[in-house]
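Below you'll find the structures, each written out as structure tokens.
What follows is chain A paired twice: with chain B in the first complex and chain C in the second.
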Partner chain A sequence: MAWTRKILRVNLTAGTCTEEPLNMQWAQDYLGSRGLASKYLISEIDPKVDPLSPDNKMIMATGPLTGTMASTGGRYTVVTKGPLTGAIACSNSGGFFGAEMKFAGWDMIIFEGKSPKPVYLFVENEKAELRDASHLWGKSCWETEEIIKSQHQDPQIRISSIGKAGENQVLYACVVNDLHRAAGRSGVGAVMGSKNLKAVALRGTRGVGNVKDFPAFMKATNEAKKVLHDNAVTGQGLPKYGTQVLMNVINEIGALPTRNHRDVQFEDASKISAEAMHEKRESDGKTHLVTNAACFGCTIACGRISEIDKGHFTVKNSPKYWGASGGLEYEAAWALGAANGVGDLEALQYANLICNEQGMDPISFGATVGAAMELYEMGVLTAEQIGIDSPFGSAEALAKMVEMTAVGEGFGKELGMGSKRLCAKYGHPELSMSVKGQEFPAYDSRGIQGMGLAYATSNRGACHLRGYTVASEVLGIPVKTDPLATDGKPELVKAFQDATAVFDSAGICVFTSFAWTLADVQPQLDAACEGEWTMDKLNEVGERIWNMERMFNNAAGFTAKDDNLPPRLTQEPAKTGPAKGLVNGLAKMLPEYYQVRGWTPEGEPTADTRQRLGL
Partner chain B sequence: MWKSLVIDPAKCTGCLQCEMACSYEHTGVMNPANSLIKVFNFEHEGRKVPYTCTQCTEAWCLNACPVDAIRINKATGAKEVFADTCVGCKVCTIACPFGTINYNQVSGKVQKCDLCAGDPACAKACPTEAITYVDANWTGYDRMQAWAAKANTPATAA
Partner chain C sequence: MQITFKLFASLSDYLPPDRKGNVLSLQVAEGTTVQQMIRDYRIPEMSAHLVLVNGVYIPPSARADRALTDGDELAIWPPIAGG
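Here is the complex of A and B:
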């Protein structure tokens, strides 16, 4: 079965915690985690709701493989209507929190309303209660974890919390668990802050004992683990170099967005790469990287644990940052580095640590800094306004901006609104490198054409984790396609989007898909979950989830014209590298994508499509 | 021939597959809370250390038990707790210098690693060979070999 069949509903307005049975028909149709929680959210909220109002809801959800021995089976998602975009938001995190929720006996926790004062939810197996968090308000995620563990005298409690960024409703605030794992994107932390919910603390000792066919499950999970082990990316590249293995690769193919996407190659990429993290520093003779680390159940272990240079200007007077901690991952290294032209690895790690400490998405934050630096160089913003000289490449400006934004001081308040609102306020909306209000991640769609379509049509705004065609276009997984061509990309994007929805909903990590296809996931799900889980059914579930999310966004007011890219990507050709002279061919791909999807030219699922998928 | 669990913390990534395998083997439920091997995470040092019973030859727990509930499995060398006999007095938990025999409130008995009757689930589940199960006479030989390799003497013929 793998589902616990129990939901915890927490009404923050009334201060109540109640148990409900899981809708098992929905579990068959939407699997779990992302898909199932989105089904609950969409069934319970008005699509037009203000994301930061008490009428919005926030769901933390596990998948059927969460808390099992399936490799990477430790994921949970935070699903809500996102304040950065106004679209459905679903952010996924690893660490150990998700498995603990399952061990405590819950498939998901639905938060509704708004608490009159700061609270945290404490769950110990069947027992759930809201507790006063007035002493935690104003504390960082790191302090919050420490205080709760010490207060309950239990170091094994697992905690998800918001820092000051979430409290201040920074529109890209995230929810941080296990110190440095995060449900990172779309501002889910701001929604948590708007509800006066500081943290969720879990202790689960019931375990998972109800998989459908345990011998078959062990066989399937062992075979799948071997696939991960034997694959060059998941077996060697990711454990050794982490996602940072991509920095030099993406730079070489001319798809590393640099200085707010003015350029597609960064001259200092090698200084902020995985290889640089392995090199001994001149200053203290130590490597930046200390070790790799795994999330719950993960046999890949791509996580980076690093130690910052204690003598670096950012931390020399702040010993609290000297210990080993999470980072840098590729996306953060890119957003804090190449996107701003900053080539100082230690400064990037400092900004990354603050993002973890106070709960901010380093992608949207870094990209917003990139936009601010461009406005500064154009003379639209001044050093007086920002509080520091802010040309591209300034590590000092990056450090100052991350400090200000994390605690909501000075110009940090404006940076906390994200690049779309910042650029619009200063008269240059075209300089926000975003889709639906959410900033791009680390791939320039002039050099990787399919990603332009994936960004434009992603249901949570620009995102690499909704349809990672980089796998095919750059790495040749599962088949190599030409990154500079648009032909065939609509089908490719759809296939990636639908499959990813299944990975996310199963409770496993999408990084497994460097080695696994759905055919590797299917036997694991089929052995774990009641019912028959065939490839056909999984493909349909993925497509159903994608269309359900789309229909929510359409009902929230999004139309085909929001499936768009900033003019820089469709009108300003790449200046260097293999994509030199190219813009993104979105206009060519989008109508074909709508057709492949079974949508109208206005980007809405047709009646036939809805009927076929039971929507 | 007895074998021993050999643990190399430097290879541990902290994934907890061992804890899930151990708990499933002993209780039929994947539940790290019931695992007889524990991975400790020293967060600010970046170190992860799996730890469990070393199966001492002169076992403190066995000698301290007043009711002879801890006995040697002659096939594996494991010191095993016989739950039917254990009265839950916890004297063994005081006697063990390593803290690797523990009381369980639910059962009212103590519990410890029993080497899974000679086929430890933790070692099988470990993805990085941080936990291996080797001939008891060979524990440490891999480290000895690693040091020998550093001897830096050229290969020469007499």
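Here is the complex of A and C:
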């Protein structure tokens, strides 16, 4: 069946693993993965809990389509209260780990408490046990995978783990699975580290069977796959160029945040773009890009696998980085590159490899480096404090900083706290390019107005994956809207936010939404899941999930004042490009958004809205 | 007049083989339109998806009438996306 109807509850304090039935009424109301796991989390923790305390919980969850024949049905999420933001955190990852969890017979795993010593969870179908991880503590994500597979003599085990960043509770530490896929944002890896949980290793051989109407499911998934195949974006553009193709696009429209958002266009954007990854290097005659790659069940295959220049200063004495590995994707390339003014593709890939190896979110890390470089250029930070001269554009500084942060040495400890805390400590909180403590991704909201509202209202802090209006405002998906206009953006942002909550909760990749609408997902869910899954129900589920997350954040202490952007984006006009002279029009959009949402002027869902959504 | 012409992603195949990168600096006749450039370089209509002049989107309905002026930068992509 789409849901296995089973939850594994792991009490790390007591060292117990217990099976529980899935609450099927909640499954009908919140679908799975992001929505359902958030419902469990919110029902079980105090919203004001310290995210890094044993009283916080962490849930790894699949959706009803995870592990099935639905295209991209390999996604899983890590849900917890995030240490970077203090808001609800829900980080989504591809690879093969999510499907393996389903194959082992579990919809989700709830971790609670804190182990007295490092452990890892080993699950083999219905058998689950905590095992000593003292030999793994201090190891990277890559080493951890290798050791566990070797130890169990099973190369088919799927593993999610933390590296040194998670152990050291870097506030933007990731949980990494399958070497280079990650539940990347909001510091879910730090929560895992705080619980002394090094890894989760899964082996499942049960498959996923008993979907509600198998013939209808086969028909629906085949038709939906054809839509992906026939679409020029998902059938051709993403497999060949990956997400990185956006580098030149976003630079051209004047919305590529550069040098900590001082500028909106980067003069070296072409050097770190998808096109550059296809060009032969002068040094060795090889292309940076080796091949594309797909996660479980994916018929798009947007992933990038690259090989770094062995003679580059970052790796010439480190052969372990010479092999083909994951990256660069657009967000990482931007954050490690344009955000810091670094136009050295190989240096970006090196920093990306370290982020994968030791489990750090390259977006928040890169953006924090950008803040540090601005503080350095202002004379607030010195080379002595940082450990290296750190002007914008220094690939050497980027490489040094990623090494220090990954292992928690020197100034890396401060970088590991994220830009909000770093900038506050040095007297310039306005220089943190973040919302609710989480750093922006790769779109400047002066040049893409709707993204300013999407960032300000994102339930997990600044994020592009909670309401990707770039699709409409820039790429014309599903319809083209004007990126410089604010009119109509509150409705657009809400529509993207609610629909994305459904895609995430189904267990599929949001990139399908470049070709699919909810109308393509609905027949797949309706055939797979018991109950009747109409378009109306899906729209309601998406809106319910969004409001539930919002209510948690409100209870955690967030108010309308936190739906804000840094003054740089609302007071300092863009200097170049189509948005020259513009700031973000958040003040105009936000009250309209609250109205569209059915919220009070204080940003809280009204009683009518709560009642309508059963909250 | 002089313009800058940029073709990205798979459209770079429509640039001359001896070009460097994705950018050409071109002399074109006064009054040359966006549509003429697309046709002159034999770019399939369906592939000229995202068409920008100086970073501003030119919808299909406006391409035949949008005359380029000296110093303009015309950039074109096929259907692409990322995130």
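Worth pointing out:
Going forward, the second predicted complex is superposed on the first by the 614 of 615 C-alpha atoms of A that agree within 3 Å, B and C clash if a C-alpha of one lies under 4 Å from a C-alpha of the other, contacts with A are read in each partner's own complex, and residues count from 1 in each chain.
The working rule: a contact is a pair of C-beta atoms (placed from the backbone, for glycine too) under 8 Å apart; a residue touches a chain by one contact, two chains touch by 3 or more.
On a predicted model such as this, the values are computed, not experimentally measured, just so you know.
When both complexes are overlaid on chain A, the residue A:G209 reaches chain B alone and has no touch with chain C.
Look at A:A462: by the touch rule set out above, it reaches neither chain B nor chain C. Contacts of A:N292 after superposition on the shared chain: chain B is touched, whereas chain C is not. Legend: residue contacts after superposition of the two complexes on their common chain; A:K480 is shown touching chain C, with no touch to chain B.
Comparing the two interfaces of chain A, the one with chain B and the one with chain C have no residue in common. Taken in their complex, chain A has these residues touching chain C: 231-234, 236-238, 240-246, 248-249, 252-254, 270, 274-275, 330-331, 464-465, 468, 470-471, 474-477, 480, 482-483, 510-511, 514, 577-578. Listing the residues of chain B that touch chain A in their complex gives 13-17, 20-21, 23-24, 27-34, 43-48, 125, 127-128. Residues 67-69, 71, 96, 99, 103, 156, 179, 204-209, 225, 229, 239, 290-299, 301, 305, 307, 323-325 of chain A touch chain B in their complex.
Every residue of chain C that touches chain A in the complex is listed here, in rising order: 6, 8-10, 12, 21-23, 46, 49-50, 52, 54-57, 59, 73, 75, 77-83.
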